[in-house]
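One chain, subunit A, links the two complexes that follow: it is found with subunit B in the first and with subunit C in the second.
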Partner chain A sequence: MSVDTVKRAGQTPDERMPFAELGMKQDEYDRVVAILGRRPTGSELAIYSVMWSEHCSYKSSKVHLRQFGTKAPKSEALLVGMGENAGVVDIGDGWAATFKIESHNHPSYVEPHQGAATGVGGIVRDIMSMGARPVAVMDSLRFGGLDQGDTRRVLPGVVEGISHYGNCLGLPNIGGEVVFDPCYIGNPLVNALCVGLLRKDQIKLATAPGPGNKVILFGARTGADGIGGASVLASATFEDESQAKRPAVQVGDPFMEKLLIECCLELYQADVVVGIQDLGAAGVSCATTELAAKGTGGMTVDLNLVPLRDPTLRPEEILMSESQERMMAVVTPGDIDAFLAICEKWDVPATVIGEVTDTGRLVMTWDGEVIVDIPPGTAADDGPVYERPFHEPLGQHDLNLDTPDSLERPSDLRTTLLQLLASANLSSREWVTSQYDRYVRGNTVLAQPADAGLLRVSEVMPGAEETTRGIALATDGNGRYAKLDPYAGAQLALSEAYRNVAVTGATPLAVTNCLNFGSPEDPEVMWQFAEAVRGLADACKTLGVPVTGGNVSFYNQTGTAAINPTPVVGVLGVIDDVAKRVRSGFPAAGLRVVLLGATYDEFGGSEWAHVAHDHLGGLPPRVNLEAERDLATVLTEAAKQGLLEGSHDLSDGGLGIALAEACLAQGVGATVSLPGGDAFVDLFSESTARALVCLKPEHFETLTDLCARLDVPCYGLGETGGDSLVVEGVLEATVTELRMSHEATLPGVFG
Partner chain B sequence: MRVGVVTFPGTLDDQDAARALRLAGAEAVPLWHADHDLKGVDAVFLPGGFSYGDYLRCGAISRFAPLMTELVPAAQAGLPMLGTCNGFQILCEAHLLPGALVRNAGLHYVCRDQRIRVDNASTAWTTDFAEGQEITLPVKHGEGRYVADAETLAELEASGRVVFRYAGSNPNGSLNDIAGITNEAGNVVGLMPHPEHAVEELTGAPGVDGRGFFSSIVRKLVNA
Partner chain C sequence: MARVIVDVMLKPEILDPQGQAIARALPRLGFSGVSDVRQGKRFEVEVDGPADDAAIAEVRKMAETLLANTVIEDFVVRVEG
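Entry: the complex of A and B
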């Protein structure tokens, strides 16, 4: 079978190329022809089709995402912003943190275990490619209804995939979310976050400068993973030979990834890396075009040199393969030997496959013939940009008018509390999180079920400076809120993640986001997207936390039924002295229990409306960013002064759930009185900018003074102690009863 | 006191092991799987992880590692050795300890803070505990169910070589609730729980019950 060369493309200008089968539109194909001045070869078409795909080019989202830059708050902490593999933030004492969240939604539906596992693998490599040691992961997961059959297939597979891959890598899993809603039944969401640490003067970038420098592909061999599109191309372009249907989901090898981590860190220590890029979506196509485009501008690659797991792969397939655990580095000729020796120590295959040039062209050969000759920037940066039309969904107004005000409210609040505590979304996540190693590396200070994960910054790399600092991370998102108002929904996701970081005592610094939506070709979905991005960008500006990177996942829909718009927001914070962190919940008896923040009658999109009435309508709780900022200031200041013994943020399920969870944290009860006139509103409203704290009685006055200074409402609710949660005049439940309600739900479904 | 900490390519808890040893006043000496060199250490810690990926039976490949050809005779000659989690699996595969660790009865990986009873406080690694004392250590494994034939079990029980037993609920279905055992001489101890994750108030599991392992070996080496 002959290979489609540049020479042949010139000789057969009219040959029909299968661009449509590869998901490319006619006008996009015409642009490729215009760029090249001829028809593309099969290999070139492979590159453009994947690089210009929605996933790689952000062609539908770009015009909106620009707001994250134009509205970005001034931040002295930001070292590397959007556009690199991950953002990097200065956390002090010469240290930097890099973090990012990314989706692996569609593969996780097709093959839950491998889909989720490779989602973890991909984001970990993004963090490695910044020059960092990955130090923790988190997962933000959405599944169909807990009572829906397919959830029992998807959830255990996803959890096992994350568990197997993350545990083998030796990365503690310190938090995240698990949410059930029937809207995700055909489109589960698997968003994986990784955080890494590095010296701030040792940031690596994806660039290939310096003509004569060598291009090294290292890590796993290339196989036929994830190249369904390429076999379309191969079989449609070249007659006769019938191609086997290639598996479309990548398969992960966490041991190879662990070797890659240690190998990369040693390569960085030895200072033998000029530029580096991980191979994720679009594999070699993406790595070569992006490295070349950001470097001197040219590169030659001999595709025959790519080590293969399957020797029958065609060049188009090699270019599109998404085989996992691969990296590409640019190395000076003098460092090649040292580079290869380190790879050999770690048993990581490494091969020089090309060279940086100053020709402005990416030229690839196969059997000595040129099969790719393109300006790399046209594939990497100059993809199509769409201004997709959007408008408010037809039913949006009616949805907002259908408020929860008319829903019947309960009189037996004890039953309501136990019912909510046992509900799909508020019950204990332990069935999931007990499958993740949260202790490995020995720096985990807080992990789930705490509001945020918190890590000590220590012993990351040999010879690194001592520091007392810690980093906190939280992810949040609420698709029901975003459905009611995507602008507010995105801001509420940020508010909650920001608050979750602050309750540990850490100061929120920066944001990553994973924007999960339906089809951008649906103007109603596009409106949700546009509103969510606008809301998030505005809120980041107000709170002074820049977006450092993230990911967009479109097409989370089956037929015309899209998921609830689900912007997931991750916030990273820093605490100067990690020993001053605030514990989660009530750690001991005899402490004053204090509610910070104001409560209003707000039940739109609430867990109560969902659980008790299966109702979704009205408007979500009011966003109050100034109040969030002031609350965070109170929390971090109080932590710094050592006033707080425990804390917990108020969110889904309101004060009632927060009190119950705080009791469950260490099995310590509490007796409280409610501040307002309506016990139901006090207990279950989901008003924002609120948190529960507990402290020694002698510190109460200092806290109230601090709150008064910042105008944060502050109510002494009662005291910790005993083995029951007592809400005076309203309800009483033993901690054991709370625990039985809370912990039985997921094991009851998943065994 | 120089205690070796073994690193295979897929070892994960070596940093924690070294830290726990340092906190107890010992020097942690890195030992590399591909070397034939024990660097003259006074004791050895085999930490947890996935040594060579463990795609085969856990520890089945590791037993053939170059370093193991040095470790096995040294252990047989009395060198104190502690294997936790994957380290325990390797000690069993290398036949320094009897029995085997197989897939958890629940078929899931389990990470939790586990109560454990100390049944033998006379090994090189447990003298700072009291017999019958209950301690809390994290477990985190997918293949930690201890199995052995009836004769071996009876022998272990009769000779007091069951060092640790799960108290409360058994996380993995181990026979006789066995969490850890020792060899006849008492110098080699293997257990599934992780003492190295329970040595600091700030991090890891609640409490510092893991410290006893490291203070025991340091005391032994000081007195030696």
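Entry: the complex of A and C
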């Protein structure tokens, strides 16, 4: 069977190539022709089309994302910043943590179970490729309205996929979010986060230096996973391939991934890896071009050597296949035997498929003929960069003028509290999180429904120091806030994740983000994106937490209806002694209940406006980063001094929801009185930079002194105890009533 | 009463981790000469009336709706006997 070779491309310069079918624009194709000085072969076109896709090249977002670098705060903790597979942060005692969040939105809509499962698999491999042992995952999920039919298809599938893959791998799922909004009905968001631990001196990078070093592909065999586009190529060029291959859904095999994890850790331990890269989107194309571009600059690959699950695959398809559970390593010739022996031990197929060169060219052969001959950097780094036009959406101003001030406010606050507590977005997430293993590996200190997940650092890792430290992680994002003001919305997502980490007693250190938006070709969506990035970069600078990496997901829209802009922000923090972590909610009776932070009349984008009036308008709560930082300092300092018995962050639904959730945590009631003049505002406003804490009465004065020093408002609200939540003069509800409202909603829909 | 059989298999291009696990286990158990295994599901649907065209069409609809995930699986409907 003939194949489109470089020689043939030279002889048939005018042959029409199906670049448009592969999503490439005419000018992009022309650029490839200019780079190569001839038309690309089918295989070269396959490489350029995937590497220059929005997904891999960040061509629409790059010009904005630069701010994460230029505005980055100085951080002594940052060991590896953006641009690698994941960021790495120094957490002390010789340990480092690496973490990243990534979207798998579209696949999860097409096939919820496999889409979400492979999302977990992909992010876990990113963490492995940094040299770390993956230790936990979390997921930030958005679905259509709770009452919409397709949500009943997508949510159970997604949750099942996440739990299946994560539970099989033996990784605890320690947190995340589940949010419902009709804007996500055709575009659910599945953002998967993974965190790993490693010794500081163990970091691995995606690079292929040293001519003569071997390129090894290891892990699962390559099949026709996710190669819809490549089939166009194959069938357009070759008549006997005319039987239409449909785009194949990627299916993950978590048991293979588990073997890969253990295999990689042993390879790192044996020190037989020069550079390593996981295979995600764009598979072999991405791994070879990126490794070569970051290394000595050249590489030869014999594609016939790639082990195949489906022997009929054409080279174009092999290059584009997104088969899961594969990795690529660069290994010195002397270490090959040791490398292969370790793979053999773990039952992981491994094959030498090529060699590093210093020619500056990536050369691939098929049946002895050269089918790819390109400068790898042109595919990996020099993709097109677009300065897409953007402008404020028509109607944005009107949206901001449509404030919630005119909405009728309730007089019966007890009913409002129970109604909010049972609403789609504030009700218990137990139906989802109980399907995840939260405690496997035995290092989980806090998990859902705590504000942040908290893990003990007690891995058995050769050469590592024993430590009392722990790491805390939280993700947050509020598309309603971001719709009203994307600049503030992104900052509010960061503020909340930052606060969630701080309420456990941990000090926030670094940020990852997953930016979910509609089409970048729509100037109004692009404005939302530009504003969100600018907001997040500015806020990271003020809070002193650098962005270490993340991912952008565009085209989350059906027709012209884009999702609410949804920047999801993950924050990682560290606590010196996990024994000093603060529990979630009210752990016992007889404790003072204290509100930290100031409350204003702020209902724009609030859950109350959403639930009671289906209203979205006005402006989101005011961002106050200095207050967030001071609040975090109070919380971490108080935790260090052992002042706090319990804590809970105030966010969606305000103080009322926070009080109810704090009571529900251990079934302990509380009697409180409200500090302000308007009970409704006190209970349901969503002002930022606030947290609820409880402590032994004898510590109250020390806490108020600490708050006074940092200028953090501090109100003694009352005391824990009894089996009811009593807000004096306003409402009273038994913990049982609260629980029944809170816990019935999701089981009522999903069974 | 008639019995209609629905065989559901993963589409050929879809990865089948269970089939692969079986294929790997066979040589360990002393079976040789097996190059690949694919695993699927078989449903036996008892219908009240005869297995006429209408009944088979109905079972086909069941397969599309519930028995098979047509995004990743193919199915075949046949009457037993």
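Operating definition for what follows: the second predicted complex is superposed on the first by the 741 of 751 C-alpha atoms of A that agree within 3 Å, B and C clash if a C-alpha of one lies under 4 Å from a C-alpha of the other, contacts with A are read in each partner's own complex, and residues count from 1 in each chain.
The definition used in the following text is that contacts are C-beta pairs under 8 Å (C-beta built on N, C-alpha and C of every residue); 3 or more make two chains touch, one makes a residue touch a chain.
These figures come from a predicted structure and were not determined experimentally.
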Of the partners subunit B and subunit C, which touch A:F218 in the superposed model: first, second, both, neither?
neither
Identify the partner contact of A:Y386: answer first if only subunit B is touched, second if only subunit C is, both if each is, neither if none is.
neither
Looking at the overlay, does A:F19 come into contact with subunit B only (first), subunit C only (second), both, or neither?
neither
Examine A:R309 and indicate which partner it touches, taking first as subunit B and second as subunit C; both and neither are also allowed.
second
Between subunit B and subunit C, whom does A:Q435 touch in the aligned arrangement: first, second, both, or neither?
first
Of the two partner chains, subunit B (first) and subunit C (second), which one does A:F68 touch, if any: first, second, both, or neither?
neither
Answer with first, second, both or neither: which of subunit B and subunit C does A:G170 touch in the superposed model?
first
Please work out whether A:F255 is in contact with subunit B alone, subunit C alone, both, or neither, and reply first, second, both or neither.
both
Which of subunit B and subunit C A:Q114 touches, first, second, both or neither
second
Could you give the residue numbers on subunit A that contact subunit B in one complex and subunit C in the other?
253, 255-256, 347
Across the complex, what residues on subunit A touch subunit C?
110-111, 114, 220, 223-225, 245-246, 248-253, 255-256, 309-310, 323-324, 347
Subunit B to subunit A touching residues, read off their complex
9-10, 12-13, 15-16, 19, 49-50, 52-55, 108-112, 138, 140, 142, 194, 196-197, 200, 202-205
Interface residues, subunit A side, partner subunit B - complex
160, 163-164, 167-168, 170, 253-256, 258-259, 262, 346-347, 433-445, 456, 459, 578-579
Under the stated contact criterion, what part of subunit C meets subunit A in this complex?
10-17, 20-21, 24, 69, 71-72
